[in-house]
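Across the two complexes that follow, chain A remains constant while its partner is chain B and subsequently chain C.
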Partner chain A sequence: MIVRIKAFARFREIIGSENTLDLDEGTPVLGALKNLSAGSKDFRDACFDREGTIASHVVLMINGKRISGRDRESMVLHDGDELAIFPPVAGG
Partner chain B sequence: MIRLQQDDFNVTTLVEAAKSRETGAIVTFIGIVRDDGIECMELEAYHEVAERELAVIRDEAMKEFPLHSVDIIHRTGPLRVGDNIVLIVVSAGHRKEAFLGCEYIIDRLKQTVPIWKKEYLKDSSRWVGGEERHGHS
Partner chain C sequence: MLSCDELERYHRQIMLFGEAGQEKLKSARVVIAGAGGLGCPVATYLAVAGVGHLRIIDHDTVDRSNLNRQILHWDMDTGRAKTESAGKKLQAINPDIEIEEARVRINEETAPGLVRDTDAIVDAMDNYPTRYLLNHLACKFGIPLFHGAIRGFDGQVTTIIPGRTACLSCIFPKAPPKEIFPVIGVTAGIIGLIQANEVIKYLLGTGELLENRLLIWDGLHSILEEINVERDQSCIECSQLQSDPMEKVK
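And now, the complex of A and B:
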């Protein structure tokens, strides 16, 4: 399945604004982010804490909707999904 | 009007457009690039989501307070000290709800709308930390 990754702010600076991942059906959010981490230590350091879980300050959206809570890592992605990753917002 | 744009906005035009015979108060908020020792800043947005979330905040404000109209324009791209960043125009029958509505909108905007600022200093740069709540909620 194809999942589009959109990155903003310092995450964009590390992996670029848009990536396309070809993942196995049923891959969770954690799997997609680990896939991206495999190619970039900087991304891994920015995205994960020392325990290997997604750092609490990292904001994630699937198809424009925030995903939060302890189960966000295990949320399953589907073909055509857009997963966005960014730091806390700072508009205004 | 809800819009993200690179160009500056005309405050007077938007204030005039917000007036109606029932209008008793218009409150505007303008966010401006402050000189924190910076040369300039760059604003980045998740455009389609940011515009949608601004519309949600407008709808929340209009439900919470008796407002007549709400306009929100947020700029993106490169900005210099003194440049306008964001304009909120709130019209209502009375000042109290106009003030409360405007404050609600800018507070929510800073917490949730996916927009980021990168400040450029003379020899370095830094991302501005946000007011979004951290953690798993």
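And now, the complex of A and C:
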């Protein structure tokens, strides 16, 4: 299946604004992001914490709808989905 | 009542929203939390617009490394309190408004007294713990919070109306890690001016605010995008607030 990754801010700097991933049916959000991190240490450092879970401050959306809570990593993606990843910025 | 000088000074914007609108700005009290990259453009444009009372809060002094973006602080101000540096420039830009310099660290003890009597709180901070404190007080006192944040060429901005929109904790339940962030001054200018524009629209009661909309600026690609956000029904800060403030009036 094909999943589109839409990246914002720092993530966009690392992987570009839009990527498409060819993933196995039933791949969860965590799997898609691990796939991206396999090719980029910078992405892995920015997206994951030391325990290998998606950093808690990273905002995730599937087809424009925010996903949150503990089960967000295990949410299954479907063909044609758009997974958006946004790291809030902190400076002022 | 506007003076002859004020009628002349604000002539071009009175054409937009009338003397009644200008009176609204004149009678408004706005607190700007932070006199740094965001606080400087916000304060400058609220001052020239004629917002009657600006309270500028910052405990810090001007460092040379601030000067690439904190446009109210000049080379000669290095070592001076940011509130004093900003206050002097703002008063020179517009002598018809009141500038209150609050050189104090924002914490749980000081913050309530700094924001309680104001019409709007501008988040021009550089860290989330203080932002969460401002958000808590905005929700507690029912004062709108105008959020902005920057990093590098990126920025984000939204308007929080307690009880009506997602609050900062709904949008960002977890803070990003603290860092010494890279930044170019234009990013602070762009995001700060959107915040100032939101404050002015709110005070005038005109236009459409960034309610439940997080605007994301990508300066490297010159792209402005929007993410819809929504209230978290289990939010510790705002879930108990009435969904429609007008219900209180009925």
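Worth a mention:
Going forward, the second predicted complex is superposed on the first by the 88 of 92 C-alpha atoms of A that agree within 3 Å, B and C clash if a C-alpha of one lies under 4 Å from a C-alpha of the other, contacts with A are read in each partner's own complex, and residues count from 1 in each chain.
One rule holds in what follows: a residue touches a chain if its C-beta (ideal position, glycine included) is under 8 Å from a C-beta of that chain, and two chains touch if they have at least 3 such contacts.
As the structure is a computational prediction, the values presented were derived from the model and not from experiment.
In the superposed model, A:His57 makes contact with both chain B and chain C. Contact with both chain B and chain C is seen for A:Arg10 once the two complexes are overlaid on the shared chain. Look at A:Ser40: by the touch rule set out above, it reaches neither chain B nor chain C. Once the two complexes are overlaid on the shared chain, A:Ser68 sits against chain B and chain C alike.
Residues 8-10, 12, 56-57, 59, 61, 64, 68, 84, 86-92 of chain A touch chain B in one complex and chain C in the other. Taken together, the chain A residues at the contact with chain B in this complex read 6, 8-10, 12, 56-57, 59, 61, 64, 68-70, 72, 84, 86-92. If you check the complex, the residues on chain B that touch chain A are 31, 43-46, 48-50, 52, 74, 85-86, 106, 109-118, 127-132, 134-137. Of all residues in chain A, those touching chain C in their complex are 8-10, 12-13, 17, 56-57, 59, 61, 64, 66, 68, 84, 86-92.
Residues of chain C touching chain A in their complex: 34, 36-39, 123-128, 148-152, 154-156, 172-179, 181, 183, 188, 216, 218, 220-221, 223, 225, 227-230, 232.
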